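In the two assemblies presented below, subunit A is common to both, partnered first by subunit B and then by subunit C.
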Partner chain A sequence: MTSMELLPALLLVPLVAAALAFASRWAGAAAKPLVTLIHAVSMTVLLLGTLRLAGELLQVDQIAALHGWMQVDSLGAVFLGLVGVVGFLIGVYAIGYMNYELAHGAIDVGRLCNFYGIFNLFVFTMLLAVTANNVIMMWVAVEATTLGSAFLVGFYGKRSSLEAAWKYVVICPVGVAFGLYGVVLVYSNGVAVLPVVGDASSWTALLFNAQLLDPTLVKLAFVFVLIGFGTKAGLFPMHAWLPDAHSEAPSPISALLSAVLLNCAMLIVLRFGMIAAKAVGPSFPQTLLLIFGLLSVGVAAFFIVVQRDIKRLLAYSSVENMGLIAFAFGLGGPLGILAGLLHTINHSLVKALMFCGSGNILIKYGTPAMDSVKGILKVAPITGALFIAGALALGGVPPFNIFVSEFMVVTAGLAAGHPWLIGLCLLLLTVVLAGLVRMLAATVFGAAPDNVPRGDTGALTLLPMGVLLVAMLVMGIRAPAPVGQLLARAAAQVQTGSQPQIAQAPAPGTAVAPTPDATPAAR
Partner chain B sequence: MNGPLIVNALAGLLIVTSLLVTSAGNATRAARLYAAQSLVLVLIFLTLARTHGAHELYWWSVSAFVTKVVLVPWIMLRTLATLPEKEDLPGVLSPAALIVVAALIVGLSCYAVSSVHLAVVDPLKPALGVSLGHFLLGLVCIVSQRNLLKQVFGFCLMENGSHLTLALLAWRAPELVEIGIATDAVFAVVIMVVLVRRIQRSMNTLDVRQLTALKG
Partner chain C sequence: MENLALTIILLPFLGALVTALSPQRVAKWVATVFSALAAAAVIALAIGFDQAGKLAREVDLLSFGQTALMGLTIDRLSVLVCVAVVVLGFLVVAYSTAYLTDGNREHPHDGRPRYYAFLLLFIGAMAGLVLSSTLVGQLVFFEITGACSWGLIGYYEKPKALKSAIKALIITHIAAIGLYFAAAWLFVDTGSFALTGLAHLNDGAKVAVFLGILIAAWGKSAQLPLHAWLPDAMEAPTPVSAYLHAASMVKVGVYLFARALYSAGAVPEVIGWVGVTMAVVTMVYGFLMYLPQRDMKRLLAYSTISQLSLIFMALSLSVFGSELAFKGAVAHIFNHAFAKSLFFLVAGALSYSCGTRMLPSLRGLLKHTPLLGISFCVAALSITGVPPFNGFFSKFPIFTAGFQLSAAHLLLLPLVVIALIESVASFAWFLRWFGDTTPGEASEAVAKAQPVPPAICFVLVTLIVMCVASSFIAASWLG
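Right, the complex of A and B next:
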């Protein structure tokens, strides 16, 4: 199978798996093993497929399919790789977690089938969001991620989880509708000025011709896009849905929301940021990203310090980290972009580990409240140790990966001439570290409650966390050569793609021309 | 007949119907008014299709008719029939205050789009202003209503606003895009309505002020 065929086929896998998972409920006694097998196969194919595509993008600049409706470039490959790798690990964890929920009567087999069905549907929508090249389809895909995951947020049907789901389905579509306005402004401007009318919905074509776009419209559009997709990425002040949704969803879904979904929205902000930078110069999008990023870090830092609920704390940490990623992109320059991309990967790995850890804690203690969770190290030593490592990593402690990317953000900030902003950012990150250490002190150590049974939660819930820890250490000490190469290519793409001076030509060896969207030109 | 003139006049009617939906006494009436408003939207699409000579927009009218005039109101009315209790949950804004807010929003939106320079919409600037204003009025409906179902209507109004913007600015977009958007809209309403029913079953109310379990 060529990579051009693999790309759409890869999207079909979770879609078909979702349909089969929904249908498995009628398999009688075989429903549970059958649906688990379907899910496991889907996740494995997802992992292998994304790794192959990411690997090929080390050789070519772009893989496109379906007449240019879909494309993955080096930048997209970073995010596609995250969906694949982190999605796979969370998918494996979900099997262990949901088996426990089933065994303890929290759900029945029918709902297990629904869970895996919606899980795969959700993965499909995220794949669509990172591979869409049609700008309006990008919006459709992000909107679909909300609709695909709404029932996962309200999965437990409790008062609080239904409330979280309601906020999620109201705030996100409303927010993302602002994004649609931004997209439509760019598109309609493209229709007016692009040499080929049919190209106006193609992101590659819009970027290629960005200098033809009207500067006022592009600025307006970027504001709309930042508000719209920034809502979905969890940036302050549009983050209101995030702490509720992340804390009320089943833990594997919290992990998927935080470690994978937020990145998909950030990718689209970045893609429009590139168009804006090329059309009106980098300072406009960068300033906005700096402001929203730093505000997100600041507000989240203080919420982290006062949280009494582990999952809510982790949710605010997602706001903080997405803020830091936006901040890094806002600093710009090769270093800032690289730092932002590296931090995206690092945050995904760590946050997936932490939400999986919070899931294990919920299995043992039945609550994420810090007042009740004590002595994790005594109750579940492996979970406890992994949780400590994750929390320290999240706080930016070496030798873990987030230290490297945060250090790179600082370097990029100093290089870009923002010492005061960096000083402020470091202060806020110290507050975050304090909040995380406070959480560890309250939960990991101390005497365990008598009513909590001793013993860890089982291989399927621990193994993915172990793999994530190894990945965090590897990324913290020395990133593997292919990852480093891919990141460098992606950063270079963002940098050169958004520079007005350099006329872009498709690099030799690319799979397709950059503007393959083929609708009739003149009407 | 002058196409742009009709479009602009119908766009004005869109605002009136949107105010009626927002201030409707109960959700059943809101559902019927929403169907009427969507019919106005369909008429705008048909007029635009004639004006631009664009066959795409005829398809848009057909899909908007099916999804917005028939399907969404039907889903809402069917849901209302299954909800046991009719609560009286007045919104925050009185009809008079709503009219003032609407006038301000539409005025500001028209001012905002006056700076947009796109040849395709020059004669249709009032309609473009209305579409943006309509979108924001939907937002007002969401934040000013206590009834969860009325909030769903707020979302539908926003959606109609952005749909009109699309029809004015992006009618050349490939058909698949329109299909994606229409599907999204219907799915969003279905999912919201299912959630409303689950909330009603679990809390025995449709009052958004009772959703206070999660804070901070």
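Right, the complex of A and C next:
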């Protein structure tokens, strides 16, 4: 199968798996093993497919499919790889977690089938968001992720989870509607000025011809896009849905929301940031990203310190990390973009570990409240140890990976001439570290309650966390060569793609012309 | 030789992993074996380095593109300090195997694998920090020691201990911001993280980078205004206090400053003034805080603060061009590590056998527990700088250098005089407690003392020997 065929086929996998999973509720007694198998196969194929695509993008600059409706470039490959790898690990964890929920009567088999079905649908929409090349399609995909995940947020049907799902369904589409407005602005301007009218919905064509666009409209559009997709990425002050949704969803879903979904929205902000940088110069989008990024870090840091609920704390930590990523992109320069991309990967790995850990804690204690969760290290030693490592990693302690990207942000900031902003940012990150160790002190140590049975939660819920920990250490000590190359290529793509002149000639080794010959809209 | 140096760093890390996975019964023996191996390796490194003619060498370990991120530097400074931190690490692990047992009267508690794992991690990170040739490497190990100190100070899991642990981590992390800045600034200016690059900075950048390093150093070495974590950190198990607050963690700060001065060539005098002034202020503060202390460990904590100020003062004096002050400072890092470890471990032994370390309830040590009495005596005399113990031989050159420099920089004279007065006054204060506790008839707690286990005796005797010998080792090593 060529990579051009692989790309749409890869998207079909979770879609088909979702349909099969929904259907397997009629399989009677075989439903549980059947649906688990479908889910496992889907996740494995997803992992292998995304790795192969990401591997090929080390050789070529772009893989396009479906007449240019879909494309993956080096930048997209980073995010696609994240969906694949982190999605797979969370998928495996979900099997262990949901088996437990089923065994303890929290759900029945029919709902288990629904869970895997919606899980796969959700993965499909995220794949669509990172591979879409049509700017309207990007919006559609992000809206679709909301739909997919809203049912998962409200999965338990409790009062609080329904409220969270409701809040999610109201805030996100309203926010993302702003994004649509920004997208339409760019599109309509593109229709007016692009040499081929049909190209106006293609992101690659818009970027290629960004200098033709009207500067005022582009500025306006970027503000809308940043607010719109920034809502979905969890940037302050549009983050209000995030702590509720993350804390009420089943833990594997919290992990998926935080570690994968937020990145997809951030990718779209970045893609429009590239267009804006090329059209009106980099300082406008960068300044906005700096402001929103630092505000998110600052506000989230103080929320983290006062949380009494583990999952809410982790949710605010997602706001903080998305803010830091935006901040890094806002610093700009090769180092800043690289730092932002690296931090995206690092945050995903760590946050997936932490939410899986919070799932294990829920299994043992039945609550994420710090007042009730005590002595994890005595109740479930492996979970406790992994949780300590994850929280320290999240706080930026070496030799874990987040330290590397945070240090890179510092270097990028000094190189860009923002020493005071960096100083402020580092102080805020210290507050975050304080909040995280405070959580550890409250939960991991101390005497365990008597009514909690001793013993860890089983291999399927621990193994993915172990793999994530190893990945964190590897990324912290020395990133594997292919990952480093892919990141360097992606950063170079963002850098050159958003510069006015250099991007005019297609780079050597391009598999497909950057401007697709005919989009369906042209016909 | 590079391989040996790398072994010293990696062996404790490996040991920590194995220890963490071991069952509780064997964990302490696994840890002892690994720390002993690391200590043997560091002694082999020192001997090998000495026989090879003490030629400084550097090697890169990890690079990103053309930029070296981590590397090793093996020279007189790093090897000497590395010997102290790793050998003392072994001694502390050995001591802990006897201290953290159910026989302990103050804290009956069997040591968990977690304790030994964190301690080994700490040893490895210390070795790594000392041998690093880049600022990033130093920053990495700086932060790892911070995280380990958090794990160790909060080890007893009491609310107060956990709070103190967070305090230590956060204050030293705030200090680390200085090092983040220094490393990034060095990179932006010179395109490299190597410490040797410090010499190529212009004066303005040098001042900025050194201020960053100083802030980091003040934090770890518990100097004003970042000192607040150290007295509270006495919640840690006593062997940990000995290691963190005598041999390793607090020495990170002074070592960072020493290493930077060693690599940077000429440094603007403003750094010297800032360093000396803060050192003398901290020293006076440390001494004033001696006076209300009744708990032996807290007294030692403040003594550590003022002793480190003395080292900071000496290092800052070397900015004005005194090699004698620099050598005195390095020798004092080495000597103080052994003397203060002995002092803390005596306090621990008193807790173990008498069930208390409150000074007013201790009397007649020499008669009932002669080893503890002698150790107390040796430690006090070493710390306060009485010949023939080691403290004297490093304090003396520091004050000599101070008075020599005062000839050219008259403003230094009052500062050096204040430091000298502090030194004499702390001698008097320790003499007072020595007189109260060591001679005479035994108090109730001492009379009922249980015998000290052999492991603790072994460690104490070794340290007593080192309190006499270390100054000669340091002097002959530094030449």
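Following the convention adopted for this analysis, the second predicted complex is superposed on the first by the 516 of 523 C-alpha atoms of A that agree within 3 Å, B and C clash if a C-alpha of one lies under 4 Å from a C-alpha of the other, contacts with A are read in each partner's own complex, and residues count from 1 in each chain.
We adopt the following convention: a contact is a pair of C-beta atoms (placed from the backbone, for glycine too) under 8 Å apart; a residue touches a chain by one contact, two chains touch by 3 or more.
The structure displayed is predicted, hence computed values, not measured ones.
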Report for A:G446: first if it touches subunit B alone, second if subunit C alone, otherwise both or neither. second
Kindly classify A:A492 by the partners it touches after superposition: subunit B alone (first), subunit C alone (second), both, or neither?
neither
Of the two partners subunit B and subunit C, more of subunit A gets touched by chain B
Next item on the list: Could you tell me if A:S188 is touching subunit B, subunit C, both of them or neither one (first, second, both, neither)?
Entry: first
Practice problem: Mind working out whether A:L295 is in touch with subunit B, subunit C, both or neither, as first, second, both or neither? | Solution: neither
Next on the checklist: Under the stated touch criterion, which partner chain does A:L414 make contact with: subunit B (first), subunit C (second), both, or neither?
Outcome noted: second
- Between subunit B (first) and subunit C (second), which, if any, makes contact with A:V437: first, second, both or neither? second
- request: For A:V474, select first, second, both or neither according to whether it touches subunit B, subunit C, the two together, or no partner.
  value: neither
Shared subunit A footprint, subunit B vs subunit C, residue numbers none
In their shared complex, subunit A is touched by residues of subunit B numbered 54, 115-121, 132, 135, 139, 142, 148, 151, 155, 158-159, 162, 165-166, 169-170, 172-174, 176-177, 180-181, 184, 187-188, 191-192, 194-196, 198-199, 202-203, 211-214, 216
Contacts from subunit A onto subunit B in the complex sit at residues 69, 134, 136-137, 140, 143-144, 147, 150-151, 154, 157-160, 162-167, 169-170, 173-174, 177, 180-181, 184-185, 187-189, 191-192, 197-198, 200-201, 214, 216-217, 243-244, 247-248, 303, 306-307, 312, 519, 523
In their shared complex, subunit A is touched by residues of subunit C numbered 20, 62, 114, 136, 139-141, 143-144, 146-147, 150, 154, 157, 162-163, 165-166, 169-170, 173-174, 177, 180-181, 183-185, 187-188
In their shared complex, subunit C is touched by residues of subunit A numbered 377, 385, 392, 396-399, 403, 407, 410-411, 413-415, 419, 422-423, 426-427, 430, 433-434, 437-438, 441, 445-447, 477-478
